[in-house]
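Comments concern the structure below.
Every chain is named by a letter (A, B, C, D, E and F) in the order it is written, and numbering of its residues begins at 1.
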Amino acid sequence: MKLVIAVIKPFKLEDVRDALTALGVQGLTVTEVKGYGRQKGHTEFYRGAEYAVHFLPKMKIEIVIPDDREDQVIEAITASAKTGQIGDGKIFVTEVTRALRIRTGEADNNAL
Amino acid sequence: MKLVIAVIKPFKLEDVRDALTALGVQGLTVTEVKGYGRQKGHTEFYRGAEYAVHFLPKMKIEIVIPDDREDQVIEAITASAKTGQIGDGKIFVTEVTRALRIRTGEADNNAL
Amino acid sequence: MKLVIAVIKPFKLEDVRDALTALGVQGLTVTEVKGYGRQKGHTEFYRGAEYAVHFLPKMKIEIVIPDDREDQVIEAITASAKTGQIGDGKIFVTEVTRALRIRTGEADNNAL
Amino acid sequence: MKNKVLLPIGVVFFIAAARPAFADAGTINAADTAWMIAATGLVLMMTIPGLALFYAGLVRKKNILATMAQSLGSVAIVSLLWAGAGYSLAFSGGNAWLGSLDRILLAGIGMDSTNELAKNIPEALFMLYQMTFAVITVALIAGSVADRMKFSAFLLFGAGWLFLVYVPVAHWVWGGGFLGAMGMLDFAGGTVVHLNAGVAGLVAAYLLGPRRGYGTENLAPHDLSLAVIGTGLLWVGWFGFNGGSALSASPRAVMAIASTHFAACAGACVWMALEWWSRGKPSVLGMISGAVAGLGTITPASGYILPWHGAVIGVLAGLVCFWACTVLKERCRYDDSLDVFGIHGLGGALGTMLAGVFATAAISVTADTPNGLPGALEGNWDQLRVQAIGIAVTAVWCGVVSWILLKLIDAMVGLRVGLDEERMGLDVTLHGEAIQ
Amino acid sequence: MKNKVLLPIGVVFFIAAARPAFADAGTINAADTAWMIAATGLVLMMTIPGLALFYAGLVRKKNILATMAQSLGSVAIVSLLWAGAGYSLAFSGGNAWLGSLDRILLAGIGMDSTNELAKNIPEALFMLYQMTFAVITVALIAGSVADRMKFSAFLLFGAGWLFLVYVPVAHWVWGGGFLGAMGMLDFAGGTVVHLNAGVAGLVAAYLLGPRRGYGTENLAPHDLSLAVIGTGLLWVGWFGFNGGSALSASPRAVMAIASTHFAACAGACVWMALEWWSRGKPSVLGMISGAVAGLGTITPASGYILPWHGAVIGVLAGLVCFWACTVLKERCRYDDSLDVFGIHGLGGALGTMLAGVFATAAISVTADTPNGLPGALEGNWDQLRVQAIGIAVTAVWCGVVSWILLKLIDAMVGLRVGLDEERMGLDVTLHGEAIQ
Amino acid sequence: MKNKVLLPIGVVFFIAAARPAFADAGTINAADTAWMIAATGLVLMMTIPGLALFYAGLVRKKNILATMAQSLGSVAIVSLLWAGAGYSLAFSGGNAWLGSLDRILLAGIGMDSTNELAKNIPEALFMLYQMTFAVITVALIAGSVADRMKFSAFLLFGAGWLFLVYVPVAHWVWGGGFLGAMGMLDFAGGTVVHLNAGVAGLVAAYLLGPRRGYGTENLAPHDLSLAVIGTGLLWVGWFGFNGGSALSASPRAVMAIASTHFAACAGACVWMALEWWSRGKPSVLGMISGAVAGLGTITPASGYILPWHGAVIGVLAGLVCFWACTVLKERCRYDDSLDVFGIHGLGGALGTMLAGVFATAAISVTADTPNGLPGALEGNWDQLRVQAIGIAVTAVWCGVVSWILLKLIDAMVGLRVGLDEERMGLDVTLHGEAIQ
């Protein structure tokens, strides 16, 4: 199995979820994160003080999928998260050696 | 070493932590996440507008452990996080190639 | 490629980012997490009730890097995040099999 | 102001006050009206947003809106019922047990009508002012059942309880009923408001059972800063609550405000000191709890005593309520979520007794009681007996009727939300919305 | 001020001022002054922090500060412009269309000057009190354009609109203009304030176009608890808004407050009931929307009617505004973000008509109108025609002028922020700061 | 109430005015009492929740409750000490340097006692009103030391400073002391309150040293929306602060409120404009900073000047305080966390000078000064010398005594929390609780 980690722009979350459910992906986990990258942040100022805010709000999506769906899922995310502008984000894939559904004890692909 | 990722119901966090410390696990990292899965969300409405909220609050626990504790840890989490109802969550395991304690520089199993 | 996961003290974030950008790391993703470990938490009390708060605020940094930068990056993080006091945090490394920049479709090392 | 005849002014009130009073209708005084409008606004502000914030700041994030809904609902429903019949049954004459039906649907309240109990202000103002007391009393009860009571059940309870408990007790003590006739002292609602709410809350907390996770899970307040804002507004609003109970812009109102303020300060200091000493840290929740304990406790005595008495009462309030919230509750194992009984119930009872102790003839003197109302310190030990009777009657009546009423409502619609709803939080499950 | 006979009275006060009393100027009454200062403070509190909170609680997290900035900016700029010329043009005599220039830069306002319209209080106080109305009217409009209008454009619009719409309409209705002369009833601003703000908001919402993501993305309020605090402060502040419009600490002020309060309660109950019935859950947003609908709607009628009329008007307000926000808006496909038109615009118009229905001679009687101002219920059906004219004139004038003004400003600086700015949120992009 | 002769007076007020006045005790005026009770409530509201919110909104999340605790603690402790001895030492006669011990523990304050300085209201009310000033002055200082001072040290400092600095300065200026006798003008506390707090804050900020991370870490405010709420309540409360300083419901109170309001508006506009121009974006923090700067600066002048003077003073306040917070602080490298010196200290001094410039005989006239108190604009250039002396005396005394007191407390309990405590946040480490 694979763990697909996608860091995307927050307002694209619903689009990505729709694209994934269209593919039959039944579960995913989302985290609010701050991203640092080529996309520049902004400056906030408070009376005398200025603070450069380098970290921009992003959404991190984690999805564990059977090996054979990797390409499909990546394509779906890319297509739905893309605006073409800097800061669209990244997709990373790592290997998952085991998966388990807590409620039923089902394992691996059956657990997803 | 393994990284065990468990997505559980928030109110089960203390139970899981107790179960893990009982096993001798000395550290873990917790993130508030939103989960999308078989468990259905709810609808919020604001004057004219209705919004389907598909994402439910979950807790993600990350624990890095020596290879030989994998089964133990997974069992402990399963046992303590289970309510038997839909949405109990998942456990995923990935391989960790290196670990390091920042304070001391201890490496791998000694760092956990 | 490697995914380096570092759990550090929150007020060290800017230092670590500076150290990494000095190395030429161009992107990273940060999550506010709660850590449980050797460093003890505190007790909060509310009228009659006392709650032991075992979880301390930490920052989790995730950086995907080419294989050959692993040592450099780990050293930079260790050096910049260290206070020498308990709770400085950990660094974990896992294998990444694929990376992709959503905006351009560039893959793997080019995507970082 | 119809009277255009020049009249000699016949009464100089001891306190200045300036209530002309020679003509029947022309007794309404603009200065008193100005202050009592302000006081009415202040007491309304105590409930929304004051109490709404105070309570919302003490619950978990998932229940903040539901908690606020209880305050809002109390305002909306109790106000309308008060206009419908509550005011009439409490304050329009009647017998020793209940008022009359003369003011049902506010019949007869016109531009120049006044109530016997407050001839210097328009009756509509007296009615509104008293309404704000009924409102906050019902709203206070919500603190005991926070995090688990159905909104429908709470509203039904509030409506029923208003007529079955609040209205009669208000009549007994203030509206010409038997407790007032007996000479019981309750300036601004130690029994009528605080003890009443506290006992009802305690009964409700027992019947509902503890919150899921009580004693095991972390039920810490989500955002105490809301509770601090609420405390500030409650504190300032209390100037209207106790000061307004003088029903005039007079030195007596000022004296009530002075003792009220010092009681709040002393309560806050004592609670702070107790926590500092027993745990090494004074908490903000402790400071505001002490302040509210002082405010609740001083209420029944406020218009009868000297300012420094207020500080003494505040100290005692801090001690007793601290003990109630930390020791007594633990021991009796009820889950009065936000300590309505520990703070308002016990504070109200304590303050009612202390009113009997500290009442000072020089302060409590009025046209009707030209010799003032002395308390035990001035030798009138019998006052303590009267006060005790008032407390006992109120507590028993309120306890029994609340219990029956809750049982009835339980049978009708159920009192408590289901386990899953409680876990997901009442905001989403009862109201379909959430703090993001 | 009927009585002009000299009476002996015994005191010249130490501090001042205010009661000289030997000359004509001495019509200033301390009790009325006391109340009207409080009322002025209350109405200011309605805007900051009341409305600022109410609106901020309904937007997304990234726009909270920008929304508050609009309320703050309205206070700062409208107040200064009011002193500069607004007051003079609205309230200092003049002709049927516009006031005079006599009070430009507050010229002539001294310690003992009074305005013809309120001889019992210092003119400076009347000027300040009316100023708070102008302020909140402009601030209300911000709700329609929340989340997407440029701050600069909003301030320009507010400044222009004040002089082109608010000031003339206020003069027409209250300042001696033709609508007032025609006998139109608008006690505290159903047309001048609420209809005016609602129509301007609607026009602005149409011109700006809907928020990005309207109908597709989740635009849920970030923190409704802020809106509840705001509602509480608005509600209490409304005592000053409607009660203060009596301009005296009199039974009439009290009557206005009574009907105001019951209208708010009834509005909240009705909206709650409608949601409960139609969706199974009463939302907190629904309750506060109903309360504000009741408050806005009762405003024009408040000082002319009996308290129970207030409850009836509140019920109608709840029904109409609920329908406007849930059905009408959907159908007409405009994005009036925070429902300024649905609640204030329609509520203001409805209330202005209902003032014509319920006006009661016994309440509306004054020195100038010794027979009172009866409405349709008392047989004066013609009043409805007058009210309708007032509504139509205001709505048309406001709609047309707002439209032109917005077009002009669009050409000058642009009305709307760019797409990226809207997505990042106005707090950061317009004000360079954020809620962390 | 000096005049006991019966004088003809020309008006019986429409609604009942209420000033009996036939007996000696009867100098208390109900209308003034009504207003001054409201004013006292408003000034208390400025501290809790006003200032508590204003400050809490500017600190980091981990210090929100600790910041609020400082406001709460100031209220509780200063109030009790004020009743104990502060009032007596400041306002009960005495000599040029200090008041008497006549009112220790409020001895002698009864229902009909009045203070020489305010014979028209009950003495207890005068005492409470002045108390709210002492409270907020101490609470203001907390802004300079936010995020790093020990709670115990702050309370000790507040208690000592009250007696060593606030009480004498209040006596010198207002209580019959030498500055007042010299003719110094400080209507509502430019030196007594704002300069005093600012100087004490500056000294404390120097002694404590900068916050850890100052200049390197991001110390951005966590939730500016709290600060906006606080500003709204401060602003409205300031009507009581400056308007109440007239001690009567009089045109003078109204004039003070008018200039106060326009100063706040002008300050907000200027700061907004400066930021817009210098950085391209007007921040909400800038707008509220400008408003508070205007409010603080107008304070000493408010009751002596014309409304439009208020706007001018507000403009100057905006310019000077903006410069102080952005340029001066940078240059002098002190970390006055929330700019108490830059806004209140400098604003208070500036305003005290400007009072000497703009004081207008027609407004400042009283029974005691029948010719009014003219300022430089009316030819009385000497007033500027007097004002400067007042500022210098206050600043030097406050600076020196604050420094010694802080050194003493440092030796006793330490002023500053440890580095780890500062990093974890004061909420958890000092108070054992946290915003979740």
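Methods note: a contact is a pair of C-beta atoms (placed from the backbone, for glycine too) under 8 Å apart; a residue touches a chain by one contact, two chains touch by 3 or more.
Bear in mind the structure is a predicted one, so any value in this text is a computation, not a measurement.
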Given subunit B and subunit C, the chains that contact each of them: A, D
Chains in simultaneous contact with subunit A and subunit B: C, E
Cα superposition of subunit D on its sequence copy subunit F - rotation in ° rounded to nearest 5: 120
Chain pair with the most C-beta contacts: E-F
Centre-of-Cα separation between subunit D and subunit B, whole angstrom: 47
Distance from the mean Cα position of subunit D to that of subunit C, given in whole angstrom: 52
Subunit E, residues touching no fewer than two other chains: 2-3, 5, 7, 29-32, 34-35, 38, 218, 220-221, 229, 248-250, 279, 281, 283, 285, 432-433
Where subunit C touches two or more other chains at once, by residue number: 31, 44-46, 53, 94-95
Category of the chain touch graph - line, ring, star, complete, other: other
Touching pairs among all chains present in the structure: A-B, A-C, A-E, A-F, B-C, B-D, B-E, C-D, C-F, D-E, D-F, E-F
Of all residues in subunit D, those that touch subunit E in their complex: 4, 6, 28-31, 33-35, 37-38, 40-41, 44-45, 47-50, 52-53, 56, 64-66, 68-69, 72-73, 75-77, 79-80, 83, 105-106, 109-112, 121-122, 124-125, 127-128, 131, 151, 226, 229, 430-433, 435-436
Subunit F contact footprint on subunit D (complex, rising order): 1, 6, 9, 12-20, 26, 28-35, 38, 42, 61, 220-225, 228-229, 231-233, 235-236, 239-240, 243, 248-255, 257-258, 261-262, 264-266, 268-269, 272, 279, 281-285, 287-288, 291, 306-308, 311, 362-363
Of subunit C, residues touching subunit A in the complex: 1, 3, 17, 26-31, 64, 94-103, 105, 111-112
Contact footprint of subunit B on subunit E as seen in their complex: 58, 218-221, 279, 281, 283, 285-286, 289, 325-327, 329-330, 339
Complex contact set, residues of subunit B against subunit E: 44-49, 51, 53
